[in-house]
Amino acid sequence: MTSLKVNVSGLRLKNPSMVASGIMDETGDSMIKMMESGAGAVVTKSIGLEPKDGHGNPTLVELDYGYINAMGLPNPGIDAFGEEMEVAVRAGVTVIGSIFASCEGDFSLLAGRMEDMGAAAVELNLSCPHASGYGMEMGIDPVVVKAIVASVKDSVRVPVFAKLTPNTHRLMDIGNSVQEAGGDAVVAINTLKAMAISPESARPILRNRFGGLSGPAVKPVGVRAVFDLYSVLDIPIIGVGGITSWRDAVEYIMAGASAFQVGSAIGHKGVQVFGEICDGMLAFMRDYGYSSIHDMTGVAHE
Amino acid sequence: MNEPVMIKRIRRESSDVVSLFFDWDAEAAPGQFVMVCIPGLDEVPMSLSTIGPEKSISIKAIGETTRFLHTMGEGDRISVRGPYGRGFRPDGRILIVGGGVGMAAMMPLLRSTGADLIIGARKEDELVFLSECREYTKNVWVSTDDGSVGFHGNAVQLMNQVLDEGSYDMVAACGPEVMLYYLHQACMERGLECQLSLERFMKCGVGLCGSCVVDGQRVCAEGPVFDSATLEKLKEFGKFKRDVAGRRVRL
Amino acid sequence: MTSLKVNVSGLRLKNPSMVASGIMDETGDSMIKMMESGAGAVVTKSIGLEPKDGHGNPTLVELDYGYINAMGLPNPGIDAFGEEMEVAVRAGVTVIGSIFASCEGDFSLLAGRMEDMGAAAVELNLSCPHASGYGMEMGIDPVVVKAIVASVKDSVRVPVFAKLTPNTHRLMDIGNSVQEAGGDAVVAINTLKAMAISPESARPILRNRFGGLSGPAVKPVGVRAVFDLYSVLDIPIIGVGGITSWRDAVEYIMAGASAFQVGSAIGHKGVQVFGEICDGMLAFMRDYGYSSIHDMTGVAHE
Amino acid sequence: MNEPVMIKRIRRESSDVVSLFFDWDAEAAPGQFVMVCIPGLDEVPMSLSTIGPEKSISIKAIGETTRFLHTMGEGDRISVRGPYGRGFRPDGRILIVGGGVGMAAMMPLLRSTGADLIIGARKEDELVFLSECREYTKNVWVSTDDGSVGFHGNAVQLMNQVLDEGSYDMVAACGPEVMLYYLHQACMERGLECQLSLERFMKCGVGLCGSCVVDGQRVCAEGPVFDSATLEKLKEFGKFKRDVAGRRVRL
C-alpha cells in the first residue's frame, strides 16, 4: 500500500505538504481554505508579540520565475491572532505556529502562547531576510540559534522547528546548532536576499529596497540546502523553496526532506496546487515502487 | 511584471475623479484591476476603466497616493502590473449598477455588453462617466443621495424600482460595500443572480500575502468579482475588513 | 553626447559589457568571435597552473530560467593557454585573464604569466562553488582573500579584479578585504551553489552532484549583491549574474556597477546579445538623459 | 530540460550499431542532436536518427557509455535533453553522403527529401540502414573500404563518380572528419555547395562552455551542420580538435 502519510518528529500528517509561512495563513478562514485544498498542515504567518503593519507598498515584485517580497512581517500580534487560531483549530486544521522575536525570552513566550492556542508545532522564523532586528540577522549565528532553540524547547511540549536562511555559507553549522539544542526539525529554505530596480525610475522597486526571492528560481538552491543538511543532521528536514509540481517535491524528498512546504506556487498555480502535487507524487511512488515518503527520503544520497 | 507606462492623456470625470490613459498591450477582461505604482511613494490597486490597447484607470482622490495621481500630467510615468483577478462573467440580460467611483470597474463591461445601467452618486457633481455611458446603452437611470439630479435616494432603492419593471438575468455592480451589501440582499430576496466587485487592502495583488481575504476568499485572486453563491457564504462581507496588520475591523 | 565608454580602474573599454569567465573564452578564436560580437572585453575561462579535465558529464542542467553547471574548472593549464592568448591579443581582443589557484603564491605566479601574455587585467576566481580546494572555499574568508589580493597586487601592474561568491552572508566584509588589499575592482556574482535531482533515477543529475546556478534566476541576488557592495566600497564593481537584456544591465549599473559581464545569455540568446544590450542601453540613456555609464552608476542609492 | 524517456523498442542496425526508440514529443529538425544521459554514468551527444513523435538514436559502441547503451533493454530509461543545434537546410537537388554511423544524422533528411544517397562503410557488416533507405529513395550507392559489397573504395571517391554523372545543387553529409575533409575539398573544386555535420567533445550542448568549438564556431550552437562558406574559413576543420581540458590535438 502506497501512502503519503508522514510523521515528522511526532507530528502526524495525512500528507507531507504544508502551506509555507506567510502565504494565505494570516486568518482562520484562510487556513481552513488551505487545509480544504489538500494541504497536510498549515504554517501560520510569522506572528510577533505586538501588532505590526509591515513595510509599505510596493511589497512585491512579480518575476517570470518567482517573486521578490518585502512584506516586513505584518501581523496582528499574538493576542489578536488568538481569534484566528481558534477558528482554524476548531475546524480541525493542523496549525504550525510560526513566530518571530528579537530575543530568546520573547521566542519562548510566543511559542508558549501558540501551544496554548492549539498549535500542533511551532516554527521559529530565524531567516526572514528583510526585517531588521529579526529573522536572518539572528539566524546566521550558530550560538544565537542554539540559545533560542534551547529556550523554546524548555517552554513547550509540541515539536519545535527552526526555519533557516540560505543566505550564508554556515547553513550546516546552524543546522547542527538546532539539533544540539534539541530542535525537532529544520525547515529550509527561507527566501534569498534580493533586489529589483526599475530603470525608468532609477530606484529599487520595493519600498524596503531589499526583499526575499522565492518561487521556481530558488528551487535548485533549496534542494542543495536540504541535501547539505541531510548529510550532517539526524533530525528531520522540511523542504521549502520553489515547489510547484510533484517533481519538485520529489526532488526535495530525495535530497533528504521528510515533508515540504509550498508558498509562491499558491499565487501562480492556485490553491489546487496541493492536490496536484500529492496526486502526482502518489502516482510516481506507485510506478517506482516507493511505499512511503519515508522510503523516498534522502535516496539521492545513495 | 512591473511595466512602466506613460500617461498619454488625462480626462477629468467629475469634481473628484480623473482618468489617466496610457498605451499598454496586456490582455484584460472587464472587472480586472492593476497594481499602480508611483515610484518612491506607494502602490495601490485600481480597476481598469478601459481595457483595449489604450487602457485607463479612473481615480478618486481620497488620500496621499490618489491625490498625487491627480497631480500627474501628460508624459509622466507610472508603473503598472497585472491585470489581476477574475472579472465579470456576463450571462443573459444584465443590469449594471455603479456607485461613485465604482463605475470605473463597470465601464469595460458596459462597453462590451451595452447593458442597462444605474449610476448612483452622492450629488450631481460626483456623477461619473454619464455622457460616455449614453453612447453605449439606451437605458441609463441616475440616482443621487441629495436628489440634485435623477432619482432622489440611493442606487439600491432605484434598482428595486427598475427590477420591478424590467426583466433581467443578473445584476453586475461595484461601489461602496454598504451599497453592495444591500444590493446583494435585494437580489437574494428576488432570487436574482448578482456579481459584485469587492475591495480590500491589497499588498501583493497576486494571491500570496492573504491581506485581501474576505473569509478565506482572496479578493485579488478569487475576486474581485464574486457571484451570488460565493457572496451568500461570506460572513465578513458587508461587516468586516482587515487593517494593514491583518486585524479585523468593522466596516 | 551619450557614450558607452567606460574606464574601470584604468581599463578603458568601448562599452561596459564583458564576456563572463567560462563562457566561450577558452580558445583564442572564441575570444575573437565574442569581441567581434560586440563585447567590450573578454574574461578568459579560469586558468590554473596545470591542465585539468574538470568534472565528467553531465556538467550542465538546463532550466527554464537558467543553468546549473559543474564544469569543475577544466582548462589547458597556463602554459598551453599561452597559444590562445597570443591569438586573441594579436587580434586586438581586450583580454581579462581569469585565474584560480589554491594558494597566494600560485595566484601571483598565474597573474604574472597572464600579464606577460598580454592580459589587460586579471580576475581572481575566489568564488567557484563546485571545485573543492578552490574558489568559494577560499573566497568566504576575508583574511584569506586579503592575503591573496595583496600578493597578486605585488606581482603585477595591470588592474586586479576579485570575483566574489554570493553564497555567504559576509559579502561586504569580503569586498572590504579586497579594497584594503589594494584590489582594483570586485566582480559580483559567481553562481549560487545549487543542485538538481532526477526523480526517475533518484540521484543528483550532475556528475559532481553540486553545481552553480546562473542565468535569469540569479539576477535579483546579483543586483542585491552589487547594491550592498556599492554601499560600502569605493573601488569599482563589475556586475554579473543573469544579465540578458539592456534592462538587466541597467539594473546592475544603477545598483552600483561600473561595467558588467554576460555569461548564460550567450547560450539562450546567442552571441548577438552584446549588441542588443548595448543598443538598448544607449537608447535608454538618450531618452532618460544619462550621458555616460558613470552618470548612471549607483543612482538607485539616491 | 532533462526528460526521462523509456526505451520502447530496440533495433540492431549492424554488427556494432543499435537504434533505441522512444516516445518524446519535442520538435526536432533533420540534423539536430540530443544530449543523452545514463544516470550515474555519463552524458553524450547523439544525433536523432528519427525525429517524429517517436524518436530514435543510433549508437555505435566505441567506449564505456556507448557500450552500456548497447546493453539497454526495452522498458529501460534514459534521459535526454535538446534537441540542440542547427540542422540541414536543404535546397534544390541533394546528394546525401553518410559514412559509418554518421548515417544516423542523415536519416531524417533522407526521409523528408527522398534524395539520392551514398552510404560508405569499412566493410559489409558495418553498413547501416541500407534496406530502410531503399524505402525512401530510388538511387542508393554503396561503398566499402574492403570492397566486400558495392564500390571498392571510400565514399568520397564514389561521390566523385556520382557527381560526374548526375547533377546536384548540394551535398549533405556526416561521417568521420577525414572523410568530410576530403568531401569538402572535392565539393570546393567543383564549386558545389555542401553542408557537413561535425563532431566535437561536448559538455554543455547549449553554447556555453566552449568545449566544442572549431575555431570560434560552436558545434553545438552554430553547428553541428556547417555550410561551405563557413567551412572554408575554419582553420581547425579536418586538422585539430580539442581534448577535455581544452588542449588542441591533431585529428
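Chains here go by letter, A, B, C and D, matching the order in which they are written, and residues are numbered from 1 within each.
Definition applied: a residue touches a chain if its C-beta (ideal position, glycine included) is under 8 Å from a C-beta of that chain, and two chains touch if they have at least 3 such contacts.
Just so it is clear, the model here is predicted, and its values are computed rather than measured.
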So which chains are sitting against subunit C and subunit D at once?
-> none
For subunit A, which other chain has the most distant CA centre?
-> D
Distance between the CA centroids of subunit B and subunit C (whole Å) is 50
Centre-to-centre distance between subunit D and subunit B (centres being mean Cα positions), rounded to whole Å | 62
How many angstrom between the C-alpha centroids of subunit C and subunit A?
-> 33
Going by residue number, subunit D touches two or more other chains at none
What are the residue numbers in subunit C that touch two or more other chains?
-> 61, 63-64, 196, 200, 203
Which of line, ring, star, complete or other matches the graph of chains that touch?
-> line
Which chains touch which?
-> A-B, A-C, C-D
Which subunit B residues qualify as touching subunit A in the complex?
-> 1-2, 4, 35, 37, 39-40, 42-44, 77, 79, 81, 203-211, 213, 215-218, 221, 235, 242, 244-248
Taking the complex as given, what residues does subunit C use to touch subunit D?
-> 22-27, 29-34, 45, 51-54, 56-64, 67, 69, 71, 74-77, 80, 83, 196, 198, 200-201, 203, 205, 207, 263-264, 266-268, 270
Touching residues on subunit A, where the partner in the complex is subunit C | 61, 63-66, 68, 136, 140, 165, 167-170, 192-197, 199-200, 202-204, 209-210, 213, 216-218, 220-221, 223-224, 227, 247, 250-251, 254-255, 284, 288, 299-300, 302
